[in-house]
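Handing you this structure, nothing more for now.
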Amino acid sequence: MNKAILRIECPDKQGIVHEITEFLVNNNGNILELEQFVDQRTARFFMRVVWDMTGFGIPLEKFDIAFAETANGLSAKYWINSSAKKDRLALFASKELHCLGETLMQSFLGNLPVEIPVIISNHETAGNLAEKFGVKFFHIPTDGREKEEYEKEQLRILEEQRIDFIGLARYMRILSANFVRRYHDRIINIHHSFLPAFVGANPYRQAYEKGVKIIGATAHFVTEELDQGAIIAQDITPAHHGYSVDRLRQVGQETEKKVFSFALKKYAKRKIIRIGNRTIVFE
Amino acid sequence: MNKAILRIECPDKQGIVHEITEFLVNNNGNILELEQFVDQRTARFFMRVVWDMTGFGIPLEKFDIAFAETANGLSAKYWINSSAKKDRLALFASKELHCLGETLMQSFLGNLPVEIPVIISNHETAGNLAEKFGVKFFHIPTDGREKEEYEKEQLRILEEQRIDFIGLARYMRILSANFVRRYHDRIINIHHSFLPAFVGANPYRQAYEKGVKIIGATAHFVTEELDQGAIIAQDITPAHHGYSVDRLRQVGQETEKKVFSFALKKYAKRKIIRIGNRTIVFE
Amino acid sequence: MNKAILRIECPDKQGIVHEITEFLVNNNGNILELEQFVDQRTARFFMRVVWDMTGFGIPLEKFDIAFAETANGLSAKYWINSSAKKDRLALFASKELHCLGETLMQSFLGNLPVEIPVIISNHETAGNLAEKFGVKFFHIPTDGREKEEYEKEQLRILEEQRIDFIGLARYMRILSANFVRRYHDRIINIHHSFLPAFVGANPYRQAYEKGVKIIGATAHFVTEELDQGAIIAQDITPAHHGYSVDRLRQVGQETEKKVFSFALKKYAKRKIIRIGNRTIVFE
Amino acid sequence: MNKAILRIECPDKQGIVHEITEFLVNNNGNILELEQFVDQRTARFFMRVVWDMTGFGIPLEKFDIAFAETANGLSAKYWINSSAKKDRLALFASKELHCLGETLMQSFLGNLPVEIPVIISNHETAGNLAEKFGVKFFHIPTDGREKEEYEKEQLRILEEQRIDFIGLARYMRILSANFVRRYHDRIINIHHSFLPAFVGANPYRQAYEKGVKIIGATAHFVTEELDQGAIIAQDITPAHHGYSVDRLRQVGQETEKKVFSFALKKYAKRKIIRIGNRTIVFE
């Protein structure tokens, strides 16, 4: 079934749901899913609504024109997408491959509705996995090179491959402000701790030293500031006192890959809206 | 803030959200919460909507008349409630008091929006707790008596106390069909296992013999058939191989009390709609 | 580091830990891990102890002779293994490949200390995955054939490949009593429900109909009786009322693969002892 | 059954388990529980062993003399306790009473093996609960007073009541270094966040602003530095994007009370050993 997915955000007031559903009813749109949320702090209204395109009176390429009056009346920002078009996802990797492997397997099994045309890494380690799953692999070394230089190569590939969004599958380099701006709200990172605890390098070592009884993982949008972007998903696993740093890492990797692929799915299904430094993630 | 809570159920079709929100907009109802759900199996639509009564054009006692046309047009069943009126909850107990204690404490701390005027038990054990929290206590023995006889006493008390709903806080007697019918959809039981596993007596013993690695608890509506009513909430806790039956029971009690008070809160906040043998439980 | 792993079981009495550790001390065995457990119901003692083989006075192939007196004195049953020797694991699959994919990926990433020489399936679906990971694939059809006939082929392959244990990665056929006996205590199945709830076919459909709020998965040893073998591991995930059977299946698969690979790891690390219909699973 | 509980810590070497169990065997001590752990980082050995005092050759008051040679030989630090003697626990509270209420209820129901002779608070709010459960209540105001002055009153009460350990059940004042030293390793605090995230005041507000998807609670030993003592237990609960700060607080309180009472039980059962800033918590 071909579905339209509308995400919309506007100042809260009385009657918004009514206005939007009126637009859909008038154009013969049969609603399949509807979730709304009012952020009391900012007094803003958020909604995600999905309808069947069969019989809908407006082709999506003319949606903007048809919806303009309603959107303007509500001072709304919105995003409209078709379920028919799959996103093109680029994966960045380094030496630890569990998040990469999970994403490739999920996509192979048909559980992650994206195409993965390319993997980029500063190491050759991921080449084997890329080949197994028939994905183009680019080894772009970073050591001893200027960030501007190697990011130029990366950006060129992303452009050539018409990439829609990027998953940092344990890529251990910080992206430049320029890179982040080019893919604003379209880069998802997995951090191997429960943020905001243990920002930065070696979080399992940090967790071990601190003696926490739980270790976590956080998927978040990437911003210019390290590990500070809006959080999309988090999960944890208990940490036994007997666990060494290595065992913490091994146990934690299971949580990382789960959280990372969860966030990628939510993104691909257009279930995320960012509000400043926070996210709404619809069911 | 005085709020109205409408739960509504009707055959699914295009435009239902629009029709209901139209009614609210026309009467100046400011929507605070809205959740909807379409059950694909039965092709039925379900919605819970909450609005501010301040400025709303219709007093709740006249809601039925005002809403009749909309409801009839949709062939809808609905329930309308005011957040201002607190339910009167009766608790039934036996000898194990953890669920009773939790409910009394939650109510005392203001976390469970109900009044608890009465506790009924077939043992005297709960009398002390009842007294601590200033709740009337009725010891109605059941051993060696006809069910009809002692239930008559119970039902009389429930009526005198104008009870809205009943929580079976580990009350170990099966209610008669007559009793269940009188409080249809208004009796919540806590079963000390993950239903449908381990129906009936001694579920922790059953779980121990089976060697499960997880033990659970289930809150459900009571029907005439034992442990078969629609499930409202379930949760689990890991079971270590070293746990004896007693340790399973002790660990499991923490889950029971959590699940039971969760279900009572959802009921009191009118967040549950039953569909046949299943429940919708809104966030 | 080359380690010896001893699992031992005997009637409980005073001084067992002391006797066994005496044997190790006398032979210069440095204990790295020790876990013990007394099952009060059966009055039996269980222990798993791991020591460094460096400097240990007895080569493992002579362990039985050296340990005989101690073992006899305790009327003990025991299993001795070397961490240096990796098990050879055969995977059986059908059409749903998430558990198979997870196991292959875990092994590829070095997180599951086994060799996987062979995959056997009654469908061709898994052939692609087998090829990706360089594993021999045998498509042995079962439809319209006698069990004895196709199991003969399966057993021959297992023998040729010197298989140590078998993982049924959502293989949907029931093994014959003869097959099960040949690999007694060496076949692990993943059942896609929280056993003992929802035995048999289509557990997600069963769970949906029952309206449970949690869905689970169970890894267990295979016995002649369907889904009745000793449970090794279980886990669950919350089930939202909005989930269709398909969504339940999709969500549940994440739990299945986690539980299945957890059980395989515990087996490979010799952390499981079966007591009748239950298991001890050491940390 | 009267049990002895020995916790012991010493430099790791070969044969420690053997030496300690030899001492027990020689004195006719029947081991009921034994857990050991080697901290690879510090190369230290930790053990907790429980035995039946019936028939044991040494009365506990003479244990130190009898065990001296073994302990000295191992350069061991140890703690010996009898299960027959219940700890006397003092609870400190402020205005939020959920942790206090839970602890009193657990103790009332016989699930927490301590005596609670006294509650101390800087507000009168907890007086009612104290009275319900027959516990002495001391209202010691802190506003506008010198810490030294009011802590003197608190310390006098603790001494008079022969308090063994202290639970800070959401007591919102920082204890002086002098106070902490007097009850070194005997004060357990519940912090309403997943430490080390959100140290200090208003963690639910901090969590809300950060947009985390999980909120946690941490029970830890109190040291002179705020929220930095060794962690005993942690747990979390998912945080929905729709939760206000108040809802986060309400949901989080359930986790707080669970974690707090878990830590108190582990302490009372002598299942905790602190290693620097970390804890070993035995099953």
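As written, the chain order gives the labels A, B, C and D, with residue 1 at the start of each chain.
By our rule, contacts are C-beta pairs under 8 Å (C-beta built on N, C-alpha and C of every residue); 3 or more make two chains touch, one makes a residue touch a chain.
All values reported here derive from a predicted model rather than from experimental measurement.
Greatest centre-to-centre distance from chain B is found for C, with centres as Cα means.
In this structure chain C contacts its sequence twin chain D using mostly the same residue numbers, the overlap exceeding half.
Each chain gets a centre from the mean of its Cα atoms; for chain C and chain D, those two points are 38 Å apart.
Annotation: 41 Å between the Cα-based centres of chain B and chain C.
Contact of a single residue of chain D with at least two other chains is seen at positions 242. On the chain C side of its complex with chain D, the touching residues are 14-15, 17-18, 21-22, 24-25, 28-32, 34-36, 38.
Against chain C, the residues of chain A that register as touching in their complex are 97-98, 101-102, 105, 108-109, 111, 129, 132-133, 240, 242, 250, 253-254, 258, 283.
Every residue of chain B that touches chain C in the complex is listed here, in rising order: 37, 40-41, 194-198, 209-214, 216, 230-236, 241-242, 244, 277-281.
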